[in-house]
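Chains here go by letter, A, B, C, D and E, matching the order in which they are written, and residues are numbered from 1 within each.
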Amino acid sequence: PKAAAGPVAHQTRTITDMMGNTVVVPQEVNRIVVTCCGGATHEVMVMGAADRIVAQPAKCIMPELKVMKPGFSSVTDAGSFDDINVEQIIALHPDVVIASVTSEKGNTKLREAGIPVVTVMTGRGNMSQMRSEFAMMGQLLGSGNQASSLNNYWETKLALVKERIAAIPANEKKRVYYMLGKTTHTNGGSWWGQEYVTAAGGINVAEELGTNRDTSLEQLVKWNPEVIIISSNEGTFIPIADVKNNAQLGSISAVKNNQLYECPIGSFWWDRPSPEAPLGIIWLAKTLYPEKFSDIDLKAETQDFYRTYYGYTLSDAEYEKFLNPQPATK
Amino acid sequence: MISIARISTTLSGVTAAVGQLTSRISAGATGMVFIYSLLPLIFICSLFFGRYEVSPQHVLQILAAPVTDLVPGNLIQIEHTWTAAEENVIYQIRLPRLVAAVLVGAGLSIAGAAYQGLFKNPLVSPDILGVASGAGFGAALAILLSWNMAMIQVSAFCFGILAVTITYLLSRFYRTTPTLILVLSGIIVAAFFTALISLTKYVADPYEKLPAITFWLMGSLASVRYSDLLMVIPFFLIATGILLLIRWRINLLAVGDDEARALGIDTKRMGQVIILCSTLITASAVCIAGIIGWVGLVVPHLGRMLVGPDYTRLLPACLLLGACYMLIIDDLARMLTNAEIPLGILTAIVGAPFFAYLLSRKSVGWI
Amino acid sequence: MILDVNQAGFRYDSVRMIFSGISFSLGEQEVLCILGPNGIGKSTLIRCLANLYPLCAGSIRLHDRDIRSLNYRDVARVIGYVPQAHEITFPFSVREFVLMGRAPHLGLFASPGKEDRTKADEAIGLVGIQKITDKPVNEISGGEYQLAMIARALAQEPEVLLLDEPTSHLDFGNQIRVLEIIDRLARDGLSVIMSSHFPDHAFLTSNNVAIMQHGSFMAYGLAEEVVTETNLKATYGVDVSITYSHDVERHVCVPHRSGQCRCRDPKQPEYSPKMAAMVPAMR
Amino acid sequence: MISIARISTTLSGVTAAVGQLTSRISAGATGMVFIYSLLPLIFICSLFFGRYEVSPQHVLQILAAPVTDLVPGNLIQIEHTWTAAEENVIYQIRLPRLVAAVLVGAGLSIAGAAYQGLFKNPLVSPDILGVASGAGFGAALAILLSWNMAMIQVSAFCFGILAVTITYLLSRFYRTTPTLILVLSGIIVAAFFTALISLTKYVADPYEKLPAITFWLMGSLASVRYSDLLMVIPFFLIATGILLLIRWRINLLAVGDDEARALGIDTKRMGQVIILCSTLITASAVCIAGIIGWVGLVVPHLGRMLVGPDYTRLLPACLLLGACYMLIIDDLARMLTNAEIPLGILTAIVGAPFFAYLLSRKSVGWI
Amino acid sequence: MILDVNQAGFRYDSVRMIFSGISFSLGEQEVLCILGPNGIGKSTLIRCLANLYPLCAGSIRLHDRDIRSLNYRDVARVIGYVPQAHEITFPFSVREFVLMGRAPHLGLFASPGKEDRTKADEAIGLVGIQKITDKPVNEISGGEYQLAMIARALAQEPEVLLLDEPTSHLDFGNQIRVLEIIDRLARDGLSVIMSSHFPDHAFLTSNNVAIMQHGSFMAYGLAEEVVTETNLKATYGVDVSITYSHDVERHVCVPHRSGQCRCRDPKQPEYSPKMAAMVPAMR
């Protein structure tokens, strides 16, 4: 409906976004433009507002998302981050633009055009920030229930994992290397990879890198991790066989003992912050300590989550695909 | 020496040149007339284009409204049939953007032409002394340190100036051919700052800062605001004005340092003035539009083909052609896709083949 | 005296003095020709006189004011400098090129006006290159370029003209033509200093000749007195004959043929019929 | 014409040059001896450094083991006191990496020196014809399309060659000064491919592909494997070998096209050979190590300062100096922090000031 | 005959033929001097003869084989070419520079050996620049550079030497020296073709002279027969006197002084005492 965005004084309310800005938004948010990646769309979906998205960057839509929401394939792309087409966005008459905290240049222009801009962490947040972001999104989209339900889910699941691993003595915790798209690329202590590995009861061998994300082969050999988890959410897809056959890594115990795992990719990477991150944490915990989590059926857990929060019935085949990620094709 | 009348005539560079040129028949006269009519045409046309559809009639009415409002009495009255959104699009989005395109295009072209004369080398572009890399690093650093938008621009501007200052001081160390050594120092400083940009990217948060830095550097006019324009307009006007005023003397520099001095030009001082002006222009351009290449290299050649090498005609021609070129490129950037194609990419993808084509024509002269 | 040079000395680096202790004065209508071997400093001296390089010792006085106290513009109004021909990057037309000579007479922000244009055209007429006024300077011949540079210097309306090897690369006819122009200009009131590799040119135009050798003037004075067989032998190390030629009514300077010049060797074929057949009729 | 003995002598370029040089006393002889002893020294030393501590004694034992194992009978026996991890670090990680550094450093320096002669311009570097931008785009595209590591390298290599081919064909269109127009075409093609790289970055997912592309382009030897080396070693050896063989003739090109032809050189053919060899080398270097600047520009100057401009001595000197320079830069990259600093950044940050320093010494000759 | 040129013609572009219908033969020990106005095509002809540009019409035969059927190397073994001096980028030493002349005698992958070095040193000795063998070529004077280029061409051991304005920019002494070297080389068996702007040089070295005008040879033959007052007037448009000088025992060619040469004007001050005081004692 081409509602004229005239000076009709709707009732408004205020939201505090993830940058701490106070944003005035319409009482009812019906037209949403997303100008960022990093799971913002998933959050909107969880809040049950997926149909209200009128524009989002095409390059940020994960393949599984297109299966779950076929309409996403044809939604307008009005640019992303700082490279947005302001006129296009105005022409869409959005009630709110969900944008990244990182694209201040584009966001400012939108604000000046009189469009409310709500910023999200886009993958930058830690566990607690994620939960407040969910709450904020719930408030914004009028779905407080879903938001608190999701936050509950997070708390329950994280507590469950935490409780089970608490029993493991420090020296028996698995030492994990998070291989991110390149042999020597990983996450130091200040990144989500650290939270991800620790939440699942592992020890991130690269913690000492801090804000750094690159290391050297020799350092890796020196760390001698017991488990290597491989992800391609940055860089290129690395098949397990490549790591296995890489003579350079031959002396690492994870390679010797075949403790190499590809991180699953659901509708979002399970090793990245998004509503479904707890599933990834459970997967990792179960992978590291199978005996402690033998009672948890990850498939059921996943299908349950998708039904509850995305309103989507996940088939067994789809679930299998999650666990055997293939190189993404554009 | 300098008659006030003369200054004021020349200050409005464009008008003056039109007067001078139409009054005498010269090889480039037709070329000039052609160019002069081009800019207003393209500017007006560009106002009609955009993803947000505003009917041509509304565009004209919106543009006319402030003027007719000024007319005392209700002699002329335009009925307000357009929406607030339409008015907003025209005045807040299209107009500042087009003005920025004109400033950046005209400024970079003039700076490029002046540098080509100063360095007696038609392959020189305005970032030869490292201003773009410096400004790029300034912006990258500011983004890394999470400074706000205005600070990013200020930082870009300052580091741009800093880079050129280093280049200039470095070149003072050596006692040989000043222009060659200046270009060399520029290469060194540019490479150094480029490496620093890479370093910034390397330490930048890949989720938050890296895309911001990358896209900032690619250049865009998408989010230019009046406040950005206000910040740089004084620099643009003063620097462009000075270059236009001394434009005939750039001819003399282009012939050779010794000869210019023998003709009474203080080449060192004049070199400093040109470098300062060009640097101010380029730094301003980078800070509102990111790094935009090719304009400063291609447009002067185009100008030379149309009006010849004489800077009296060349600089005004570059000003106009540069503005037109940038308007067209920016129209393309806005219209080609729903999203925005960064300007830096488009100028090179359009500019490089265009330059290759120019070269294939014999008329380039210096080849 | 327009130009007074007093004990002038110059060095590029701290190693070696290029010249030192050079003194002379240049009067109105005087033509001074500087001779000397390659690399002795003729061009350097001329550049010093043009105020392009500052002297390291001594002084140059222009109309009784030290040249160092004058700015480029003041000097350019009195002294015109024509360097050796060189390549030029941008294709200015000959008219635009000559017009540049008006620079010292224009304000900082001014472009040349109608009067300047007239003066440039006059200078072009004076050296006789009217036919090529609209050609780009990088498409004209070396001789024409040399003439264009002289025209530019004339448009400058100087009192002194400094010419560095004005005849090099010119053909025989153009050489004579340039020398004649210099002669005419001097008669019209200009003073000229030129460098040359041809002692013979000294007889053609100059009143005074200076021979540079070992970093200073080895000889200085009237052409006939300075260009002597002894002086040339000392300067260039070759044997030269200076004789008065009644044909051309002046002294001429001709090098000796080398010891046994083969070309007049009677053993050589003199003029084969085959060759003659190929040659067009002599005019 | 070409005696087989002569070829085989020259093929082992380094050895031959040593022989020739030590046997005659020349200005550069001491320089050469110095350089020749430098490379093995630095190579050996570099084997001792790394984040994984291996005691010097163990390093020597590990290195000696395969040799002593060959000695028949148990005449010499080294006790295996080292761990498998230590052996793995030395043979699988350090050795291939050092070999890669030697190949890349030597190759880029030789290619740069050859280009400087071919283009008669001491400011030319091996990527002047666009090979680095082309290869960069090839890699970026492959990363965007999620190809695997080997395919990324192949794509980089192919696009590098493609870019130079385009440059060469483009230059054939024009009939003027061949080298100038070749450089110009190179600038155009490089700018075009750089814009394509930006475009790739623009359409790339900012979380997944953008950092990968950015970091790939910054260059690193961190994960070079024997299989990577095997892929490029043939190109390196053949191309470097050919350049070393014709090195004396590059002198003639450096003097001028016409003169070279008057001295019996087929300049066009020889230009093609040099371009082909340099391109192969640079494309190979980019595909195993990313875009590494400055080496090809700085090292030839260093070489010229040490042994003079004669390519008979200059090319072997560049080979050795380039290898040493790269080994040292890579040692720094490994040792400075516990992460890895990208090589492209380090070479520029070290190289640019170094070059500025070189220029301030009078001995550069051409300035 | 070493070199036979038959109806040679050349054009750079489709617009204008630079020259056409040029025919001549060059015998052993012959020195041919090409005269002609600026831009007439002397350098172009020499480049064609050096096989740098292909002819558009006619043919050049080297030892009775068409030059087009030969590759660069074969030609370079017979013809040595000395272009007009130009700038050089890299500081090769004079010895390295001369050594380059050995290229046509070396295999593709070879570097010069001991024998080549000896030959280069001989060539250096022949032109007399032993003192500067280790200097970089971009730090020697124009005259020395010209000599080094001749030495390089000699190291090539050619049968024919092509020289383009070998005396330009040289001082008077160096001019004579270069001409004497050419003369000596011709006596030792070389054939030489050179271009020049000085008709006088023709009398000094050449047996044959060709005058280029209007795109072909206007005159061709023995120096005394071709370098006549009429021909020079037709070529250069200036009046020249050709007289036999008993001092130097050869014909000399001197330009007429222009109509009223001011320099001998009796009104001019002749030799002021002030000037005399500044001049060092005449040697």
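Just so we're on the same page, contacts are C-beta pairs under 8 Å (C-beta built on N, C-alpha and C of every residue); 3 or more make two chains touch, one makes a residue touch a chain.
Model, not experiment: these values are computed from the prediction.
Common neighbours of subunit D and subunit E (chains touching each): not present. In terms of the distance between Cα centroids, subunit E is separated most widely from A.
Greatest centre-to-centre distance from subunit C is found for A, with centres as Cα means.
Remark: subunit A and subunit C have CA centroids separated by 81 Å (rounded to whole angstrom). One finds 52 Å separating the Cα centroids of subunit B and subunit E.
With centres taken as mean Cα positions, subunit C sits 45 Å from subunit B. Between the Cα centres of subunit A and subunit D there is a gap of 41 Å. For subunit D, the set of residues that touch two or more other chains comprises 202, 206-207, 211, 215.
Counting only residues that touch two or more partner chains, subunit A has 38, 80-81, 83, 123, 212-213, 234.
Residue positions of subunit C in touch with at least two other chains are not found.
Remark: the chains found to touch one another pair up as A-B, A-D, B-C, B-D, C-E, D-E. Residues of subunit A touching subunit D in their complex: 37-38, 59-60, 80-81, 83, 123, 181-185, 208-209, 212-219, 221-222, 224, 232-239, 242, 246-248, 250-251, 272, 327-330.
The residues of subunit D lying in touch with subunit A in their complex are 50-53, 83-85, 87-89, 92-94, 96, 143-149, 152, 202-209, 211-212, 215, 222-223, 225-226, 334, 337-340. Of all residues in subunit A, those touching subunit B in their complex are 4-7, 38, 57, 76-88, 90-91, 93, 100-106, 108-109, 112-114, 122-124, 211-213, 234. If you check the complex, the residues on subunit B that touch subunit C are 1-3, 6-7, 10, 20, 27, 117, 120-122, 245-249, 251-252, 254-256, 258-259, 261-266, 304, 308-310, 312, 365-366.
Taken together, the subunit C residues at the contact with subunit E in this complex read 23-25, 27, 29, 31, 35-39, 141-143, 165, 168-177, 179-180, 183, 186-187, 197-200, 203-208, 216-223, 225-226, 228, 230-232, 234-238, 240-241, 243, 245, 247-250, 252, 254-258, 261-264, 268-271, 274-276, 278-280, 282-283.
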